[in-house]
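Chain nomenclature is as follows: A, B, C and D, assigned in order of appearance, with residue numbering initiated at 1 for each chain independently.
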């Protein structure tokens, strides 16, 4: 029997082992024969390829492995997760209630908490240190009240809008999240499939479980369905150029550059749990190997991200993006929002990364209000999106009233993916239905009708700065070193 | 044995089944012979008529059913509610404590929670999505402090006042609530009976369990006791015209048009529980049949409500109301309050529907303060009422100090109805007694003495907008579609 | 065996029964022979005289009752409190920890909660309806921060001050509380004894368990120890005049007229518990007989209080007070504080009666701040005290910094009385010690050094009104009746 | 068998008993022979010397005690702590998890809570009365949000800075805490050892378990590692002069004079637990003997502190400090901060003593903001440090942005010392790592880049005074005595 460490050292073209469904294979000789190319197998060299394997092959195929696909033996049982609750691991999920009993995002979350593996739950649900920003994200929405206008004809309502000029059935998109294959072997492909009907735009992560081309082709195809790319810039800039070229050729329509995660946050729940089975992103190639600090997935898979990235790199990003619109994701101050406008990007996502990076960083809703106070003119030069804590149709409507073009929904779609493409589609219907109800109750029939007068933001207004500078202008730091 | 579905399909004059106390009857041939007319039976066609039946017949009557009243057999036991705790279902209520041990509204609520059927509890107690507005309603009152004036002769106090010119013993009325027969088979009739002594005005819901005429006649009669009508406008406007004509002929004195419920809120606790036995309103004719979304009673019984209703319909409403005063119920902004005044209605109820419709909609108390800031002059052109969260005599007095003519009490009267007409009268005495104590302790002897100087609203004042527009005037939405 | 009802009807000079230690006596014939006079026995006619009896007689005296003191038989056991935990009932108090382990007011409270009778606990600890004011009282102090001034010589500190010109060792007094005999048969007499050493001034309640003369003589006597009288004005004004004359002759030095309790608050915990054994005040003569509303002690014993009392009665009060200083207890607004100054009284107690009367009435600390904002000049014309929620030496110091001459401590002394006179003295030492520590830590060595600059009241300042009128001046109530 | 009281009375050179590992020795005759001098033994006369003994001798040494070191017999078992969980008492610590699983300060605290003796836990974790200031200290940091600036090259970050001109690897120091030998027999010596690598400056308490020279020599020596002295001024001023001379000769570089603890706070959890075994400070000589008030360690060991200390003593402190920089620790108002600048000290520590002295004293962060509002110019004349509630790298960064030169970390280092020098070093790495992450996420690469514009203090700003005087200037206290 083998251990994960045994497998991990065989990770190059001349000595390549992989793990599929708890069995270890030496596939070195098979590599040149693989119909799909050696590259895709090598992206799992030394790691677990179960999810990727199952997503494109029938499960009987390995009963008689092809020549050069040599079974070495089973993985040691002690290396398997103690209670395997992940559908990707062939386990009966008797605990999952029928999809039609799920009536809100919190239901999806509650089911995920008790049916996915502890490590998947830790990775998805965790946030930075004391979870204050994560909680503030929700609380910020709860503290905004409506000012509903009544006695208007609301027989028909229309939730359609455009994001960067691309049509969508709803004013929310699927925020990029890494390694969706951890909750469902079909991962991003199932998301693409489930998002198609309502034309929900999906932003594909640089750390996706599946290759971009597979994701796009699982949906309605690049002509019928819009996908964007989320980009982590690689310290090897050449790889980023290649990724962007590939994304464009696959039909992706815009690039969301993450600017707040050049270093990963300290997500303690995730760090405390070791990685059960190393996983590898089919797009970035990053693998999750535990290190002495712990098992923090985001940290382990983000080591390639370029920490030198700065405003002066914007022209280079534009040059390698091949004309695709550029959006900066992770803006947290009006000052940076204004800089983004000056640097000529097409949009910004106000975000604190779901509270996952820097604890007590501001909820996106605060930053949105700060822009109103400091530089409202930028609403005319770029599109503004927000994410973090969106769980209700009321949240979406509030963001739109306050100037957001659309909002990103992250974790809820991960939890919905626990039910596959159907779960994704069901979540979209839930949010759309809640949004329509909210629109009707506020007297708005289409999204051109939103405006700040429909919300009361008094409770949080006083908590938002109204200038670039802090009011403590009298004191200036002396150099200390 | 029969199922509810079996019964439900026989719902027309040519094929009419009804359910009484767990037995299914084919009453098609009996219809023309019914002394009370076919219409009343038909209002329960395909549904459970137990409550209505018991309220007018002795229970022995069906031991030998009349000709044409054909017993088909029992309802399948699996279709009955698992634990039948409703007095309407002939169950011993050993858990209900003596009425004289009930000393406040919360006692009534606690008893109801453990003695009524789960579905009745879910329907009455539930509110929209995350229950934030429901909780805010209570919290808003708790955050207003008194400024009691002492050393005044308060030997005698008088709680009498007038609402729309009609005398009442107390400055609160029984807010309209649907299907009161669910908690007590006598439903609205028992309410009418219990409300008479103190001349508490009862607003009869369009979705009442009992016919208006029965309700009115159960009390002291239209000359001695004032009732108003709550109106949901029907998509079939002709039906609304008929309803108003009927209401007027029954002696109802005013029309409260609900303007915030053209679509029902998402009350999740109610939605999750299927309807045990379909019920039907004797006034609107709406029946509660579960659908694929769930069992939300308010939603299922509100499908007939006209979503096109708007300000331009006010003249039509006036025309069919036959001169009765018109009050708009559900106003949530100063802007709409001002419009109501401009459209010439006689009153408005500031309300967020008990937090049941749109979560994070404003507590009525906030809207009341908003009117003080924005358009206090309307207090001179119409009467202003508020409802939502009123549980104490102190709450009533605070609302009056802030300009309300009277307040509506909803759920507490439902829970009191659990004890029948006596419970209704007892609740009235509790609230009146608490109000008198409050008046004495604030140095006020009759209701002409109330004024804002008797309350300190500082804690919530800062949370209320002071203009029609939001302060973020710089940004204007661009059309997005 | 007899019931309490049996006893209660024999309550006049011609037919007088009393209850002593669970036995019923007919004392009609004994009345004229009583060495202490008939009056004192009659004050317990039809009620339980155990506490009063034990406080002046040896326990063996009744083994052979005097002539005319006829034993009728025992009280029915079912009428005795189920678990008799009151020291007045001769029960071992094994649960009470040694006094020297009690180190703060909360310890005294916790011991009382588990060692006194349920009814005594309900009467002392309860407050009006939802307990919001009671909790606010505490919270108001907790939200005021210190601004401690350091680097000052604080070797010696002095807590002495004067109240109405009378010397006291500490700037707090024992607030008047009714029926102190319920927790300890010696009641007010033990308080007088325990208060002497530090010259803590005790305000004797009109509803005291013991006669004023007995109380005063239990301490160091009227020359050495200062007592004041708390006054409830009787509807029979002649009785009030007599009471004041008696108080003056007993050496009491000032009159605190309660102005906020012409009607008792709705203290639900107290109301729900029936009175075990009726008790009678030796001063006012009020007896606690349950009625149909319940067993609320404050309500039952306050029925004689004159509800017509008003500002125009001040001259009369002065006339019957025989020149004693007059203080109004229960002032809750700056407006009434100013009136008190205009009517020429010597002091006011800002108080919401421990949160016991009107829920959401303002904490005294708020009213104190309101005076600073509205009419600070009154600090120069009368003395201002506050009570309610004082539990720490820090609370006392904060009140003094904000202009109070002294503070009243109520419930804590009741709970300390559970340990008799020693408990009273111990509590005084605890509070004095905490106060001295606070003074040292704030850089203050005697009480002339306090001032508002030593506290930060920002967190509650915004919650306090700054004018007599509410800011909603635009709207004026129309007469409604 | 002996009791602690038996031992305690033999506490002078002519009659000296000590306790080592549960055995009582008479060492009177041994005193002149001790190679380390009589003085060090005498510092434990009548008390427990186990910790000090073990830190310099092998454990086998006492198997055959030297002449004049006379074993009297064992301490009575009933005098030993009931459950001995302290490593200093030779107990297996099976409950302590491996150090590498400790990933934040709260982990260290949780381990300490369940593995140290109850008395040690009570002494370290307790705070004044109701713990409000202790909780506010944490909450103040949590309520400050970041305003992170993104898109900056943050590949390298540098946490080095200078404190009073002395280099340190991190902008935090180890705040002085008393009797570190209670949690680990090596106490301050282990701290010195663990602090060396990152050049963390350790402030040695006047109430240290070990002599200053031992502490300094346990680290890298006075040339390589900076130590400061925390000073409690003794009522016997000569002793203070001697202590300062000794400190300087040992190589200590600055004096932090504690100005807020001339009297100890009322730490009730500590007071309620008796001292198990008296301990004695090797520096101040203070011994912890229970008294009738209780067992409060801070109180018992602070009886020698001079309560007359005041501003006019500053010149004398300077004169005996031999030119070392003077810092005042415990400043809580802008007014005193300004005085400190006027009196020419080199620095101030804004501190409420970890909430241990005066409850509801202000969090240091509030005082820091008060200085910004009232006298920001003092940042140019002295260094400002803060302590209290620092538990995260984010807290440190916030303090620096708001003008602090460095912050003090107290209790967390005590809890880390539970793991010895390694624990101390591990905690330093945790805080440094969190700080580096925070710097990167805010776009700051070295500590000269911090400024108030990186934080949003709106939520607490409104709670901070903006003048020396309180706004209630109208009222001035009259003398009351």
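The working rule: a residue touches a chain if its C-beta (ideal position, glycine included) is under 8 Å from a C-beta of that chain, and two chains touch if they have at least 3 such contacts.
Predicted model, so just to flag it, every value in this text is computed and none were measured.
K.L.:
Using only the C-alpha atoms, find the rotation that maps chain A onto chain D and quote its angle between 0 and 180 degrees, to the nearest 5.
P.N.:
Angle of the fitting rotation, chain A to chain D: 90 degrees.
K.L.:
Pick same or different for copies chain C and chain D, depending on whether their interface residues overlap by over half.
P.N.:
Both copies, chain C as well as chain D, present different residues to each other, with under half of the numbers appearing on both sides.
K.L.:
Quick check for the class: compute each chain's Cα centroid; which one is farthest from the centroid of chain C?
P.N.:
A
K.L.:
Calculate how many whole Å lie between the centre of chain C and the centre of chain D, each centre taken as the average of the chain's C-alpha atoms.
P.N.:
45
K.L.:
Express in whole angstrom the distance between the two chain centres, defined as the mean CA positions of chain B and chain D.
P.N.:
64
K.L.:
Can you pull out the residues of chain D that are in contact with at least two other chains?
P.N.:
As it turns out, chain D has residues touching two or more other chains at 462.
K.L.:
Draw the chains as dots and join the ones that touch; what shape do you get: line, ring, star, complete or other?
P.N.:
Here the contact pattern is a ring, one closed loop where every chain has two partners.
K.L.:
Name, in rising order, each residue of chain D that touches chain C in their complex.
P.N.:
129-130, 132, 259-260, 262-263, 265-266, 268, 271-272, 292, 294, 307-311, 313, 328, 330-333, 335-336, 339, 357-362, 366, 462-465, 468-472, 474-481
K.L.:
Along chain D, where are the residues that touch chain A in the complex?
P.N.:
Contacts found on chain D: 100-101, 103-104, 142, 144-155, 158, 160-162, 369, 372, 376-377, 379-380, 392, 394, 402-403, 405, 434, 437-438, 440-442, 446-453, 455-459, 461-462.
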